[in-house]
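Chains here go by letter, A, B, C, D, E and F, matching the order in which they are written, and residues are numbered from 1 within each.
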Amino acid sequence: MRPSGRTAEQVRPINITRHYTKHAEGSVLIEFGDTKVLCNATVEEGVPRFLKGQNQGWITAEYGMLPRATNSRTQREAAKGKQTGRTMEIQRLIARSLRAAVDLGLLGEYTITVDCDVIQADGGTRTASISGACVALYDALHAMVEKGLLKSNPFKGFIAAVSVGIVDGNAICDLEYIEDSNAQTDMNVIMTEEGKLIEIQGTAEGEPFSHDELLELLSLAKGGINSIIKEQKKALNIAS
Amino acid sequence: MRPSGRTAEQVRPINITRHYTKHAEGSVLIEFGDTKVLCNATVEEGVPRFLKGQNQGWITAEYGMLPRATNSRTQREAAKGKQTGRTMEIQRLIARSLRAAVDLGLLGEYTITVDCDVIQADGGTRTASISGACVALYDALHAMVEKGLLKSNPFKGFIAAVSVGIVDGNAICDLEYIEDSNAQTDMNVIMTEEGKLIEIQGTAEGEPFSHDELLELLSLAKGGINSIIKEQKKALNIAS
Amino acid sequence: MRPSGRTAEQVRPINITRHYTKHAEGSVLIEFGDTKVLCNATVEEGVPRFLKGQNQGWITAEYGMLPRATNSRTQREAAKGKQTGRTMEIQRLIARSLRAAVDLGLLGEYTITVDCDVIQADGGTRTASISGACVALYDALHAMVEKGLLKSNPFKGFIAAVSVGIVDGNAICDLEYIEDSNAQTDMNVIMTEEGKLIEIQGTAEGEPFSHDELLELLSLAKGGINSIIKEQKKALNIAS
Amino acid sequence: MRPSGRTAEQVRPINITRHYTKHAEGSVLIEFGDTKVLCNATVEEGVPRFLKGQNQGWITAEYGMLPRATNSRTQREAAKGKQTGRTMEIQRLIARSLRAAVDLGLLGEYTITVDCDVIQADGGTRTASISGACVALYDALHAMVEKGLLKSNPFKGFIAAVSVGIVDGNAICDLEYIEDSNAQTDMNVIMTEEGKLIEIQGTAEGEPFSHDELLELLSLAKGGINSIIKEQKKALNIAS
Amino acid sequence: MRPSGRTAEQVRPINITRHYTKHAEGSVLIEFGDTKVLCNATVEEGVPRFLKGQNQGWITAEYGMLPRATNSRTQREAAKGKQTGRTMEIQRLIARSLRAAVDLGLLGEYTITVDCDVIQADGGTRTASISGACVALYDALHAMVEKGLLKSNPFKGFIAAVSVGIVDGNAICDLEYIEDSNAQTDMNVIMTEEGKLIEIQGTAEGEPFSHDELLELLSLAKGGINSIIKEQKKALNIAS
Amino acid sequence: MRPSGRTAEQVRPINITRHYTKHAEGSVLIEFGDTKVLCNATVEEGVPRFLKGQNQGWITAEYGMLPRATNSRTQREAAKGKQTGRTMEIQRLIARSLRAAVDLGLLGEYTITVDCDVIQADGGTRTASISGACVALYDALHAMVEKGLLKSNPFKGFIAAVSVGIVDGNAICDLEYIEDSNAQTDMNVIMTEEGKLIEIQGTAEGEPFSHDELLELLSLAKGGINSIIKEQKKALNIAS
C-alpha cells in the first residue's frame, strides 16, 4: 500500500495550467501531485557560437528550486554563487530531452530556453519539469509559427518523463518524496508518444537491480508516460 | 489618465493568498495587479555569528526573480554565479523593513529567513515583496507560538510598502512597469500601520524634485499603504 | 552636546584637495572631518552596450574601502572575490547622483568612471564620496573641453550629499561614526545647488520616524549641503 | 566494420597498471585503448558533516581532464574558476558506482576520495574511470586492513563500467571517440561481477531507441563488463 | 642620462610619513618619487590554522592598486571578482620579506597583516611597498610592546627593497615606470641592513643577462637599499 | 650526505619521454627523480587581444598538480573554484621563461600554450616543468615548420631550470622534497645553453644569505642546467 493509496501503476493527479505567466512565449505550471514546477519557454534570436552559420536552431534549459520548495530550506544557488552538480545534471537532462522533440533544422537560427523552476517539491521534479516543458515548448513553437517566424512547426511529437523505482521490494510508478527517499532503485525514463526511449537513467541506491527488475520498471514507466502524454494533449486540446 | 484607468491615488487590485506552498512556516503569494511575488518564511534555530549569545533573534530576507518574470528574459543569477547589485539592494531593504515589525529581543535565538521570489513582474516587485513578506512573517511567528517555541508573539504591528512617483508631471501611487519606466521621480515608502516611516527611498531619474513634490508623494504613499495594510489584515481575518 | 562640540546644524570641517594624484583626469581628496575619500574620475571612449549608437555618454562609479580604513580591519573585497551588498548599493547611489549633474546628451560617446576609495572612515563615507566625486567630475569635464573632446561643458550644476539623523532624540547633521552607530534614524540626502532633491534615503534603524521628524531632517540636510557646495566652489575658484 | 577492426562485442585492449604513482593509497593507470585515466585513491580520517556520528564511512570521487587530453585543447577548469556540468555529472556517477562496491558500515569513519584524471581521451573516459577506480579502491582498502585501520575488508565485489551504443544502426560495445561522436544512442552501464545493474544511463542523441535495441545494448554491456572485470582481477592476481 | 636626471646609482627622493591614517597600529605613506603606497599594519589576536598551538605569530600581507593609480585605468579586482596573478605574486613576496624582519617565535599568537595599497604608481610599487611596510610593521610591534601585549620587541632589523635593471645597456637603480617598461632585465632585491639577501628576483624581459651583469645589478641594489634604510631610520628617529 | 646519496652538484636521474600523449603538438613527460610532469604544447591560431595586428606570436603556460601528486591530498583547484597564488606564480614563471627561448616575431599570429601538469611531486616541480616544456615547445615548433605554418623555426636555443639551495649550511643542487622543506635558502635558476640568465628567484626561508652564498648557488645551478640541457638534446637526438 502506497502512502497516497495509489496502485503500483498509478501516477499522481496531473494538472497542467497553460499561460500561467504573461511574458513567456510558452508558460506552463505543471503539477504531479504536490510537486509543482513552472516551465517558461523563451524564444530568442540567434544560436550559441558552436552552431553559428549551420542554419539550425537550439533548445536549452535551466532548472532551479525556490529555496523553500523543499521541506527544510536549501541555500539559494544565486547567493552561494554556483549551481550544484545536481542542478546542472538535471538541466542538461531536460534540454537533451526537449531537443529530441524538435527538428532543430526546421527551427531556424533561434534559441529556445526553457526555465523550469520548482515552486514546491515532493519527488519527481525533473520528470515533471520535462513533461511540463514539453507543453511550454509546444506553445512557444506554435507562437513562432503564428508570428510568421517559422514556416512550418518543427515539433516532432510529444515526450514525457516519469520516475519509477523499487521500494520495499515492489516496483512502483511516479514516486513521491517519501517513496523516493526509501527507494532501493530509482529510475527516470523519458519516452516519445510512440513508446520509444529518449533517455533512461537508473541507479541502484542500495542493492543492485536485476535485468528482470529493469524490465518491470520499464513497463511501469511506459504506462505512466502514456497517462502524462494524455494530459499534455488534453491541456492543448489535441485529440489523443 | 493612467494606462489601467486608475486614479492617481489608487493602488492596483491586491490579492493575498496564504498557505500557497506547503513546506514553509509562512507562505504567501501576493499580487499587486500583474506583479506576483511568492513570499516564504522559514524558521530556523540559531542566529548569525555576530548575534550569538545576545539572547535575541534575527530576520533576514532573500530576493530573486525567475528569469522570465520579466518581459524579456533576464539571465539566471545562479547560472551567472552572482547576484546583481539591484538584487542585493532589494533584499537588504526587505530585511531591514521586516525587522522593524518585530521585537527581536522576544524572538529568542531563532532566525527567520523570508524568500521573496518574483513569479511575474510588472513594477513594484520590492514593495509587493515587503507587503507580502509581512504576512508570511506573521504566519510564521504565529506558528512558532502555536508550537510553543515562543511564549509571546514578538510581532509589533503591520508594515507595508508602496511605490509612488512622478510621471508626466503628475504624482501617482503604485506604479506599474510602463509608468515606472517613464517616471521622472521614483520613490519607495515603507510605513507602519500608525503611519510612521520605516524607510523612504526617493530617486530623481530625470529632473530633481522639489520639497513640495516630496510632500505630495508622501501623502499618496500614506494612502496606498493604508489600503495594503487593510488587505493584509483581511487576509489574516484581523479587524482593521 | 555632540562629541565634536558641533551644533546640530554644523557639518564637520571640509577639505577638498584637487589634483591629488597625477594620472586621473579629475582627482580629488575630500575630507569630512576624519573621513577621507579619494575620488578619481577617468574618461574613456565608448559607452556600455545598452547605450551604443544613442549618441550620449555615461557616468558610472565604483566604491571601495581600504581594509584598514575602519577601526578594525575589514576583509579586502578583492581577496574575498566579491563586493558586499553595501558596496554595490553605495556605488550605484554615487553613479545615479552624478548622472543628475550632467547632461548626458552633451557628453558624446564617452564614459566617465569615478572611483571613490575610502582612505579613512569616520562616518559619512558615501556622502563624502558623492560630494568629492562631483568636483573630480567637474575637473574631468573641464579637461575634456580643454582637450577639444567636447564643444560645450555638459555640467549642469553642483550637487552634494550629507547625512542627517536622529541621535538620542535629536536631529543632527553630518554624523560621524560614533553618532551614526547610535542613530535611531539615519538619512542620506543628495541635492542640487538650487535645493532640489536628487535622492533621499532614510532608514529607521530603531523606532520608525514621524513626518515631522522627516521635515526637520530635510531642513538640516539643506543647510549642510549648502555648506558643502560652498566648499566645492571655493576649491574650484568659482564664486558662490 | 569498426575503425579499429573490432567486432561489435569486442572491448578495446585493456591495460591496468597498479602503483602508478607513489603517494596514493591506491594508484592505478587504466587504459581502454587510447583512453588513459589515472585513478588515485586517498584515505583520510573523518566523514562529511551529514554522516558524522553514524559510524560509517564515505566514498567520493573527483574527475578531471588534462586540458590537452582531447584532440583540441579544452579550457582548464581551474583557470575558468568552475567545473562544467559534464564534469560534475561524471564525478557524481563515479562516486555512486564505487559506493555500491563497498559496505560503508564496515569502513569506519574514513573517507576515501578517488581522483580520476584523464591523461588522454579517446571515448569512454567515464567508464574507464569507474573500472580503474574500482581497482585503486581495492588497493586502498587492502592497505587499510594491512595497516590495521580496518578489521575486515568492506569490499563487496568488483564493479565495472562500459559504454555501448548504436552507430550506423549497429549496436556496438566500448565506443572509441570517433564512434561515440557518431552514435545515435549512447549508453553507459555499470554492473557488479554477478551481472546485476548498478547504474544505467542511456541517451538517444538522434533518433529515440526501441525496447529491443535497449535489450541488445544491455546484452553487449554485460559481455564487455565481464571482460573488464577479468582484467581487474588479473591485475590484482585474483582468480576469476 | 635618465629621464629624471638621476645618476645610475641614485634612488628617487624618498618620503616616509608615519601615522598617515588613524585606525591602524602602524600606518605609513611611502613615496619613491611619484610612486605612493599606503602601508597599514593591523594587529589581530590568533594565528592561521596551520600554526595553531605552536606558540608563534604570523605576518601576512595584501597588496592592491587603486584603479586609477596607473596611467590608464585598470579594472578593480573586487569588481572583477578575483585578484590577478601579479597581485598574488606581489603580496606573497611582501609577506615573505616582512617575516624575515621578525622573530615569529617572540611574536606570540598574534597575526600582523600589512595592507599595501598603491595610491599612485610610477614603477617600483612592490619595492616601495616592502620598504614602507617595514616601517609600519616597526610601529605596530612597538605599539604591541607599549600596550603590554609583548614583553620584548621581536623586530630583528630593518629590511628594504629596491628594483634594479638594465636599460639601454646600462645598469640603473630604482627604475621609474618609463625606465621599467623599457628594461631588458628587471630585478627586485630585498636585503637586511647588514647587506644580506632576503630575496632576489631577476627576469630577463628581452635578452638573457650575464653573470657579470648580475653582479653589477646586485652592487647597485646594495647602495639603493642602504639609502632607503637610512630614510626608514630617519623617519623613526633612529640613528643609522 | 644527501638522502639520495647524491653529491652536492649532482642532479637527479632525468628522463624525458617525447610523444607521451597523442593529441598535443608537443607532448613530453619529464622526470627529475620522483618528480614527474607532463608537458603538453598546444598550437592555436590567433594571439591575445593586446598583441593583435602586431604580427607576432605568443607563448603562454598553465600549471597544475593532480590532487594526489603530493604526499597528502591537496584540494583540486577546479573544485575550489580558483587557482592558488603559488600556481599563478609558477605558470607566469614558466611562460616568461619559454618566451625567452623563442623569437616571437618569427612565430606569426599563433599562440602556443604549454600545459604543465604534475603527475607526481617530489620537489622541483617548477624547474622540471620549464625543462620539459622547452622540449615540448621544440617539438611543437618543429611540427609547425613541417606543416608549413612557419617558414623558419623561431626557436632560439635551449633553456632549462634547476633549483639550488642551502640545507644544513651546505649548498646543493636539484633539491628533492625532503631537502626543499628543510632549506634555509631556496633558489630557482633558469638559464640558456650559453649560460646566460633568464630568471633567478632566490628566497631566504630562514636566515638571509650572503653574496658569497649566492655565487656558490649560481655556480651549482650552472652545472645542473648543463646536465639538463644535455638530456634535452639527447631526447631530441641533437648533438650537444
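We adopt the following convention: a residue touches a chain if its C-beta (ideal position, glycine included) is under 8 Å from a C-beta of that chain, and two chains touch if they have at least 3 such contacts.
A quick map from chain label to UniProt name: A, B, C, D, E, F = Ribonuclease PH.
Given the structure is predicted, the values throughout are model-derived calculations rather than measurements.
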item: Any chain in contact with subunit C as well as subunit E; value: none
item: For subunit F, the least number of touch steps when starting out from subunit A; value: 2
item: From subunit D, the most remote chain by mean C-alpha position; value: C
item: Inter-chain centre distance, subunit C versus subunit F - centres from mean C-alpha coordinates, in Å; value: 51
item: Centroid distance [mean C-alpha coordinates] between subunit D and subunit C, Å; value: 59
item: Computed distance of Cα centres, subunit B from subunit A, in Å; value: 33
item: Per-residue multi-chain contacts in subunit F, two or more chains; value: 81-82
item: Sequence of chains encountered when the ring is traversed from subunit A in the direction of subunit B; value: A, B, C, E, F, D
item: Subunit F to subunit E touching residues, read off their complex; value: 82, 84-86, 88-89, 91-92, 96, 100, 191-192, 194-204, 207-211, 214, 218
item: Parts of subunit F lying in touch with subunit D, wherever the complex brings them together; value: 21-24, 27, 34, 36, 38, 40, 42, 44, 62, 64, 66-73, 76-79, 81-83, 87, 113, 115, 117, 119-120
